[in-house]
Amino acid sequence: MEPVTELARHIEGVTLIDQHVHGCWLAAGDRARFENALNEANTEPLAEFDSGFDSQLGFAVRAHCAPVLGLPGHAAAEDYWERRSRHSEIELARLFLSSAGVGDWLVDTGVGSDVAGVAELEALSGNRAHEIVRLEEVAEQAAQAPGDYAATFGEILHRRAASAVGTKSVLAYRGGFDGDLTEPSAAEVARAASRWRDRGGVRLRDRVLLRFGLHQGLRLGLPLQLHVGFGDRDCDLYKANPLLLLDFLRRSGDTPIVLLHCYPYEREAGYLAQAFNNVYLDGGLSINHLGARGPAFIARLLEMAPFRKILYSSDGFGPAELHFLGTRLWRNGIHRVLRGFVDAGDWSEGDALRVVDLIARGNAARVYRLAAR
Amino acid sequence: MEPVTELARHIEGVTLIDQHVHGCWLAAGDRARFENALNEANTEPLAEFDSGFDSQLGFAVRAHCAPVLGLPGHAAAEDYWERRSRHSEIELARLFLSSAGVGDWLVDTGVGSDVAGVAELEALSGNRAHEIVRLEEVAEQAAQAPGDYAATFGEILHRRAASAVGTKSVLAYRGGFDGDLTEPSAAEVARAASRWRDRGGVRLRDRVLLRFGLHQGLRLGLPLQLHVGFGDRDCDLYKANPLLLLDFLRRSGDTPIVLLHCYPYEREAGYLAQAFNNVYLDGGLSINHLGARGPAFIARLLEMAPFRKILYSSDGFGPAELHFLGTRLWRNGIHRVLRGFVDAGDWSEGDALRVVDLIARGNAARVYRLAAR
Amino acid sequence: MEPVTELARHIEGVTLIDQHVHGCWLAAGDRARFENALNEANTEPLAEFDSGFDSQLGFAVRAHCAPVLGLPGHAAAEDYWERRSRHSEIELARLFLSSAGVGDWLVDTGVGSDVAGVAELEALSGNRAHEIVRLEEVAEQAAQAPGDYAATFGEILHRRAASAVGTKSVLAYRGGFDGDLTEPSAAEVARAASRWRDRGGVRLRDRVLLRFGLHQGLRLGLPLQLHVGFGDRDCDLYKANPLLLLDFLRRSGDTPIVLLHCYPYEREAGYLAQAFNNVYLDGGLSINHLGARGPAFIARLLEMAPFRKILYSSDGFGPAELHFLGTRLWRNGIHRVLRGFVDAGDWSEGDALRVVDLIARGNAARVYRLAAR
């Protein structure tokens, strides 16, 4: 048995900022809902022969979430589901959120009407929560409102941003990163908005308006999060390669841009974080889905990215397990990786302690200007 | 010396289904033939200064095949060749095939006229063998036959499929995955077939007819194997990225689609296996050529792919060493990887045992509907 | 404490050929210059909140270069800078170059007017140095000279090549690898040269003339180095994927082509080294910037690439630390990786010793026809 080092103790105890997360479920659901929530990429119900438990994420839930529910680690899937079913989603949320060791949740509210909002996450976790405003949602609100589209977009964005800490774009899901991402002219925006409103103004896919929203986000100056890579199959994964953002990034000025998830492009994202003073990355969502392979992924996040440019998030959505598991797997993974760097003589233990603090909370506190608690 | 665990014993003993393999040589050849067979990508003879032995595959042959021939592990290349030369290819086939611990061979018969066929593999190995029908070969047979191309293609395919367990396409070698992969109209097929027959009807590269064949394969409903990634340089490797199949997969229905080889796109392939109920992957060919790096590759296969979607194959072709070595390297690699997961506390030993069985044979038996022996 | 093995001793002692390097600084500079030199990708000054020391390269400098200056390993950034500042750049160059264990430096002289040239590197290091001629620099010299462009290019190239050992192209920085890379006609070259000269003839980006230069390099027959992958953000990294070179390589004949840096495309580059008798690769630049992650990268370089096709370089430029650190990290990394292969039973210790010699110097001596010392 290896002795507990200062590094291990420190990683176990550090309070994280989860810089990109969604709400957890509030209402009861069946086992199919739960198992499907363990698969991110598939947009259809899992096949009869399959089980959401038979994946790295499913194994990680059984290994690391079961003890939170009083079961032994690696409890059988059936036992896990049975035990989980004894609790309401509200109870599960209180349990898992408060076990996460997170001090601040930055909540993308742009998806899911049946999950906890910012205030609910705050109440359930006992921590602080802050909003991230989704630009495509602002666009959809502007399309439904009367008056000039661009002006209305600006008004809604500024109103919502007043109490928010950042913005987010899901351009990756609305056609991807390739092609022109420059700012469109006012006339182009007006024409495109008129066309879109005529078609109902729902689920924005118009490139002109997507570009308009992105540049409004840049101009606002709050950190702008971008979905990159891994997600569900509505996204063309090869068009979600962050290298396709190069021209956009070259003209993005000083607004912090945060590349989210990044799998399997985490090395490309790390390169961009080195190449641009305003580019950051995290490995949220991916770390949960990689389970036992999380350490290998976390190690790749630590290649070309400067250490002041790496953030933590869980991207939890739905089962409250995910909000907790993100922190558990990150703590396990960063320990394994940094322990290896120290043991090899490449880093000092002090280096490792400092980088843990930067990724866990220091970088996020700086980028999002979060007050110390 | 670490104790032999149940996991190690189980992996050593499990009987595999090799779900994609070709014939082994039957007739004698010189050392140049052998060394060139240790290089997959090069289509020209190896340079004077080079040796097929000086590669991961070459080192693996010396490490793991030499003992099968009664030599010490890591025997010198010269000694290995000398010892191998004492045997006929038939003797080598009997030796290596029967040492592989494989119960069923699924044989792609679409390449090589001087290698063992299905019946010969059965006889030489003492195991069962089943045919995989190559769609482009069916096309070439239809082009040579009289009558309506589409009808003839369908007749040949159904006749051959009656005794086969799957189909295979080498679209990756015939222009790659990018571009339209929808089903062409009957008129388009007739026109394209007429043009191709006028040109002699050999080595199909016509996109209309390739698309036609793919969709006939889908409609047949047997598992459809696709060459993905690593192969020889006739393939444009960047057009063999499986993410380019996204639109095709979105319309592929329920027919199982098996992504073969996958290097260096194994993480992308794993993502697709998560995204589509009907998508599977293996790491055949790649594992042999990666030798000592096999464990790292096998670990990446175990990232996003659900565990009921991963298969084993060797893709052995030519030297019978490859049919054996695939199993040796897979056993070594999966043990290393799963042992690590268990030791880290992320998986239980029971989890590992069960996933071994799924990949070794359970998934393949289910997908190809192979009767238990 | 593990015993020192023959492999460890051999790796520590082997004299390297650094097959791609630039000059080190000769004149004093401030801390900002030094810290910016620890970031490759960014073309702007590092942000106020950032530090070049807070990266894998920065940590590696503190870990491995500090002892060369008489400091303990992992010295604080402030202490490192203070100690470094006590020396002139000339003194630092003498110290770090002579500590590198390099016998031959192959110097790309096409960048930087304020760094050491071939003769200076020879004098400062006490080793041999040889020139690599940059084809785009030859083009720019030809554009400034009177007379027929193509003839002048040829004259300059042959004159400079008489005392050089290879050529280099930075096509990756001048539009990337995608698109037509065939040889242009004489008429096309003349027209393009005329247009370019009219525009001043600086910083070549004209595709016709870039292609012309490449094919002149091929025809010359000296090894032709190509920047691949990782570099600064002027390069569109997704257009620096070496797979886009496939058509060019298929027609490149016998001239050795050396793919440099390769991150994050080192697996694709390894594939090309297997696919073409005349293709080689190295991991220069990347190994320095990866620091503690160097072993993982070196392991990937050892996947599909035949062992007679892998070379060593540092790509050092600016701080003399980089010329030394490349060798330190390569020795550490290759030892870690090969030790693992041997311990796993996949390679013999003799295999490892031989591959060390091939990568360290044997392959480079053969390719560049360097006389034994």
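A, B and C label the chains in the order they appear, each numbered from 1.
In the analysis below, contacts are C-beta pairs under 8 Å (C-beta built on N, C-alpha and C of every residue); 3 or more make two chains touch, one makes a residue touch a chain.
For clarity, every value in this text was computed on a predicted model and none was experimentally measured.
Between the two copies, chain B and chain C, the C-alpha superposition involves a rotation of 120 degrees in steps of 5.
Interface note: chain A and chain C, two copies of one sequence, contact each other through mostly non-matching residue numbers (shared numbers fall below half of all numbers used).
With centres defined as mean CA coordinates, chain C is found 37 Å away from chain A.
Touching of two or more other chains is recorded for no residue of chain C.
Chain A makes touch with chain B in their complex at residues 39-44, 46-47, 49-51, 54-56, 59-60, 62-63, 73-74, 230, 232-233, 236-238, 263-264, 289-293, 295-297, 332, 336.
Across the complex, chain A meets chain C through its residues 241, 243-244, 246, 250, 267-268, 271-272, 274-278, 299-300, 302-304, 306-309, 340-341, 344-348, 350-351, 358, 366.
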